[in-house]
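To start, the structure itself, in structure tokens.
In this document, chain identifiers A, B, C and D correspond to the written order of the chains, with residue numbering beginning at 1 in each.
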Amino acid sequence: MTFDHADFEQLGQEMIQLRRDFHKHPESGWTEFRTTARIIDELEKLGLTVQYGPSIHVKEKMFGLPQPQILEECWQRAMQETNRPDLVEAMKGGYTGCLTVIEGALPGPTVGIRVDIDCNDVEEANDPKHPPCALGFRSTHANCMHACGHDAHGAIGVGVAKLLCACKDQLRGKVLLVFQPGEEGLRGAASLTAAGHFSQCDYFFGGHVGLLDGLKVGAVAAGGHGFLASTKFDVTFHGYPSHAAAPERGRNAIAAAAMATLGMLSIPRHGDGASRINVGTFHGGTGRNVIPARADLCVETRGGTTEINAFMEAEARRICQGAADMYGCTLETRFMGSAGCIVCDEPLVEQTIQVLSQMEGVDQILRDINFNGGEDVTTMMRDVQEHGGQVIELVFGMPLPAPHHNDYFDVDERVIPLAIRIFAQLALTAGDWKAP
Amino acid sequence: MTFDHADFEQLGQEMIQLRRDFHKHPESGWTEFRTTARIIDELEKLGLTVQYGPSIHVKEKMFGLPQPQILEECWQRAMQETNRPDLVEAMKGGYTGCLTVIEGALPGPTVGIRVDIDCNDVEEANDPKHPPCALGFRSTHANCMHACGHDAHGAIGVGVAKLLCACKDQLRGKVLLVFQPGEEGLRGAASLTAAGHFSQCDYFFGGHVGLLDGLKVGAVAAGGHGFLASTKFDVTFHGYPSHAAAPERGRNAIAAAAMATLGMLSIPRHGDGASRINVGTFHGGTGRNVIPARADLCVETRGGTTEINAFMEAEARRICQGAADMYGCTLETRFMGSAGCIVCDEPLVEQTIQVLSQMEGVDQILRDINFNGGEDVTTMMRDVQEHGGQVIELVFGMPLPAPHHNDYFDVDERVIPLAIRIFAQLALTAGDWKAP
Amino acid sequence: MTFDHADFEQLGQEMIQLRRDFHKHPESGWTEFRTTARIIDELEKLGLTVQYGPSIHVKEKMFGLPQPQILEECWQRAMQETNRPDLVEAMKGGYTGCLTVIEGALPGPTVGIRVDIDCNDVEEANDPKHPPCALGFRSTHANCMHACGHDAHGAIGVGVAKLLCACKDQLRGKVLLVFQPGEEGLRGAASLTAAGHFSQCDYFFGGHVGLLDGLKVGAVAAGGHGFLASTKFDVTFHGYPSHAAAPERGRNAIAAAAMATLGMLSIPRHGDGASRINVGTFHGGTGRNVIPARADLCVETRGGTTEINAFMEAEARRICQGAADMYGCTLETRFMGSAGCIVCDEPLVEQTIQVLSQMEGVDQILRDINFNGGEDVTTMMRDVQEHGGQVIELVFGMPLPAPHHNDYFDVDERVIPLAIRIFAQLALTAGDWKAP
Amino acid sequence: MTFDHADFEQLGQEMIQLRRDFHKHPESGWTEFRTTARIIDELEKLGLTVQYGPSIHVKEKMFGLPQPQILEECWQRAMQETNRPDLVEAMKGGYTGCLTVIEGALPGPTVGIRVDIDCNDVEEANDPKHPPCALGFRSTHANCMHACGHDAHGAIGVGVAKLLCACKDQLRGKVLLVFQPGEEGLRGAASLTAAGHFSQCDYFFGGHVGLLDGLKVGAVAAGGHGFLASTKFDVTFHGYPSHAAAPERGRNAIAAAAMATLGMLSIPRHGDGASRINVGTFHGGTGRNVIPARADLCVETRGGTTEINAFMEAEARRICQGAADMYGCTLETRFMGSAGCIVCDEPLVEQTIQVLSQMEGVDQILRDINFNGGEDVTTMMRDVQEHGGQVIELVFGMPLPAPHHNDYFDVDERVIPLAIRIFAQLALTAGDWKAP
């Protein structure tokens, strides 16, 4: 990579500023209007053609869309905040995310790189000890926070584009850069995958900052296992309202949902591997003295294998039905998203480690780590593998001041320029590799 | 009562229209800005002096005030909807409700009549078979509905004022008319009582439409028992957030609140009399894949005696603490309102029945009925009794298409003119009674 | 009643000793072998003919029989303890209880008097402060205790027989004395009733010591309301066993039963009157490291009306099914007994009060008390009423050192001679009453 | 090993018969009186000196002893069934299990071999399709069954003694054979370990039949991971009894225990590795119409690491306390046993595989398998390792007709002679190995 050191220094600082801009204006899944517009704007400034809006999605695979009113409110907010209302306008209805292709000067393979850009539904800590507060880029959106590092991911993606555009003459083949919406909840990958964007990729890279405890910036994991399969669904218990003085005339939906919650948390652990269950939100009832007639739960299951996840999902659904029956309520469930397990391709792992081992700033290389979580990048990866390509997930280590999804989570920003260089270097080297 | 029949016919029709206006614009406790303004406007048109705003309340006894943001939003809405913004302005901050005194031409006792004017937190049925839909006065406020008849109560109160103003020359003594905010949740009576409005009442009348099954308009109950004592409180469980893939790092507030809910519902029935418990609302969690760090419950207990209610409240509080401890969460509870039991005064019951038995349109008189519910009119009544006055609660029977607090609840509007006549007749007759 | 005072003194002392004998050898429902044999022996010594064994029962109405092994063990124990093995032999299989008729010298009505003789499944307190310990008649049977006063009832029944036999010449008509087995669990009355023993009764008296708080010996209640209707049933959850290290291969019956227990305890209170639910016993699982494959519950519901009890039973059954479904278990339920509500006949209440008001030792007479419990004497009473007879339940007040069914419960033995005199006096006076 | 093939054939058949004898007379932890006596008898016939009775145990480390009455009943049963009452007499009080040492003709290392001999608390299937039924050796002890293969283990241990005694001239060093009581519940190893029996072992072998799915006889696993650390404890909830018609006067111990059960089952899964929780038994209440005053739970936790198990145990204990507090009950907990994790020594794994790879009948060798369970052999192993010895656990594969601890579990008896040969061969080869 022939890129001036001082220039790269500056690129890094710019991308850190971009990350802070994303952090200050977090947008959750399918509402990344302002975020996407900012990314497109940056990419267009590089002379790239960017795809976005309804044409990059398959509408019926856009799982877990927010309620229309929420979509509308977020869209209005983005219209206020953006400097590119033309782009936000084009994404109306939740058609967020974008893709671009960087064409190399020389022939070669197609390399996909995917980053995700949505935030979490978490209210950020308001504490001067929390760096985003101290430095003035705490989230300005209520109950929205980048508590999983996707703000850094977005900035890394833009940085990779900038760096590769500056090195186009060395680039063999082309690089497909994907900015995916709605990773939280495993909602966004299915739609982009169904649209066929990834079938031509020879190599496909995902990446995530943080994730593993006890690492410093400079530690990088290449490949691994433990992407838990996962299913997301919503549950509504419908009861019947009544005055609380005559409770026998009502059907108590909160009681049914509470029973279901405890029932789901008590699904037996699985002897064959990891399993998880979470009831992430619980909303029920209308007033203190009314027997609650409705309760809504957001549920997710995970499993170390697709089978374990299927076991968890089947148990959870049966438990909800049983709990509804116990209280004479009716049950409504809605599928919201899912992701499978994935295995990284060993040849690509070897080649990646080869590249990493020669890079300045990479002090520690881990392999076969346990991801112990779910990512819907696996949906894209499966598609790539089914079409003959190879895939790998990288982890860019950094110190973690608090767990992911916690309101004190923060990014060690030194990870941003390092990740940009790694992705770019891999793309530039891919032309050397033996075709899959 | 010398009041022209045709005039009264018209008065009844006007008050039915007024009830529909209230029904179409329901406002929940401490946000009855538009409702109160309309009432004051009607009373002032009669030439009456009306008391309202901060001066009629004792601020520290205004229990269960909504969150400031909600108060503000409702106030803004009322400012939009009212034709008396001067009055709404004066009630800013939740100082709703009003009182007026009708002075008779002749000396005599002081008679208190209290009606309540707040709505329920219920989304009204949207079904052409539901009369308010068919007749075009369905609630226009989301999640607000007059599902307990307080729309009729407000209209009855105004009607009584109109009728008595027309008969002032026959009125011995004076009538204190009270339009109470925030009866739902037992929140509004304490503040008005503490302000000392009721200490001069010789007789005090409460009244409610509906309540008892199987009655027609024309059936009236005078006195009774079974005003359940009640306590209202809010509970917050504070946990700790974490990614759902590492749930052991979090503290699950939804699990604690679900356990507490089931625990509270399972408090033993009491062998000495009626008891009730309700968890009316349950809100917890921020996102599907985050271990929920907070959950909020609205709770109420009731008891056939003050002792039973105290038992229920003590059990409920201990259960919440135990459930928080089970899941390593911390607990926060907030008192929101309460009401005691009451016993109607037998001499006033006898006198009331005497009056009712001679009234046209009263076809059935019940006594010693079981109210089986709670009303914070008991707070006012206790004050009247402690100052030597007598109290009674009336029930104006009507067919019930659905239980109170149900989204299909509706008022048989023929009860409105009847209740107006009954209150007025009692006030006009009170001068005959032997002083308490 | 012409009965020598000193003789009666002695009769009272004998019956107190008899009560202590019953207390020391308590036998639960359908295993009252030794108890019944002792009673028959006493009655036969009076020259009475006693009916007992299979002929007095209708086998298919003997609800809630213990397991065959338990029946056998208790029978063996009785064979060891009795001095009348001939009688115990005749009751093998659970055919306990007996009846006798005392024929008066003069014509007159038929008066039924019923006492119950079974004990509770409670381990008696072993504390020198507990009188049965101090006086040496603590229960010698593990987990069996007369904690409801049926030991006194049995002694009262024998005492009534002795007293009436001594006054036969004054007795008009005849007295049917019933010693009922299996009142606890509402199991024994149905069988005796179905056999037709009570259809000829003109008057029918039940009675119970204690029950009401705050009374002294000398206080007697005649008539009342609040016999709660009740249903008893057993529930078995069938799961599937597995090693606890592979819990997903099992089906956890304890989890299902725990969920059902909490579900049943949380059935809503009923606005129309009293309700009760109890899960009295819970037995599940075979070993610490085995997923439990079976759990058994003993359940009872009660209601202030037959309708409320039916509501409670239906809710409980549905909840058990729902909980079984939640955990993939199957459900088995077994009906074990039931009793309805009853209303005492007002003419008989009046006549009884008339008699009581003239009796020495009766210091306080209560009427229309709230029994707040269930008794299957109501099954007999309903039969009597359907055949034209009148019924009443008496309560013989006494101080209560601990609640009924508590391990410190005890009888104030002065109540025994008083209750004997009251029953006898009522039987002797019945000839004066106007036939029903 | 120079052992005649026909002789070995016969030895195998004898040990299969011995296994069936153990199977027919299963005895649970600390009550293996008859089983131990039979083993001692067999060993003494070989001329071996056997250690048994109180002298081989450290009384205060005998965790999880049964209730005295159970111990006594089981001991009486064994006295009836044994042909060596002298031995059973010597073990009175639960001092079961035994050890023996086979001295080789030549100098060499000390090799420990441990087998366990207790049964499960499971009622065996009574179904002609279940081989022990068809072949007439179904358990004759109610609620006791060898459902984990310890009947085969006992026979294997005796077989190893027989084989090695026949090859003493080739044996270098000595073999310590341990027949451990009370493995289920992780109760027996601590006492034997504390007595110092294992500190001299250079090599130490444990072994288990079955465990892994999908294996045939001939598959052997040498070494592995996943011995879950585990803690066993009992919990008693103390409430207060009352009549079920006045439930507010009682304190419901079953409700508290049900809440605790659901709470414990809902302890969050651990992101760092496997965790388990089981409430194996639940016994509460005395009678249907008594508020239950006591409930007893048997609980066990497991963890993939000692830390995870400690997390599980701490959560479970806190949850029990919280649940007791919820219902106003008091809590009593009793430690019953525990075991840690263990790591097999790699040099011994290598040497073992070397031996296995040359043995006839061993068709498949697995290494680094996941045991996914707990074994208190780890307590002995840790002691051996701390004294400088090496340890390994073997698994002797066999088809599994049903999961371990299931009532249809059965042993493929061909595994018995194979396991005998493997243990013997390892002992005979140990003299070749480089000392640890």
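The definition used in the following text is that a residue touches a chain if its C-beta (ideal position, glycine included) is under 8 Å from a C-beta of that chain, and two chains touch if they have at least 3 such contacts.
Computed from a predicted structure; not experimentally measured.
Simply put, of B-C and C-D, more C-beta pairs touch at C-D. Using CA-based centroids throughout, the chain positioned farthest away from chain B is D. One finds 48 Å separating the Cα centroids of chain C and chain D. Centroids built from CA atoms put chain D at 67 Å from chain B. Among the residues of chain B, those touching two or more other chains are numbered 245-247, 249-250, 252, 255, 259, 262, 265-266, 268-269, 271, 276, 291, 372. Chain D meets chain B in the complex at residues 245-250, 252, 255, 259, 262-263, 266, 268-272, 291, 311, 315, 318-319, 321-328.
Residues of chain C touching chain D in their complex: 120-123, 143, 148, 184-185, 228, 232, 240-247, 249-250, 252, 254-255, 257-259, 261-262, 265, 276, 278-293, 295, 298-300, 302, 336, 372-374, 403-407. Within the complex formed with chain B, the residues of chain C that make contact are 262, 265-266, 268-269, 271, 274-277, 372.
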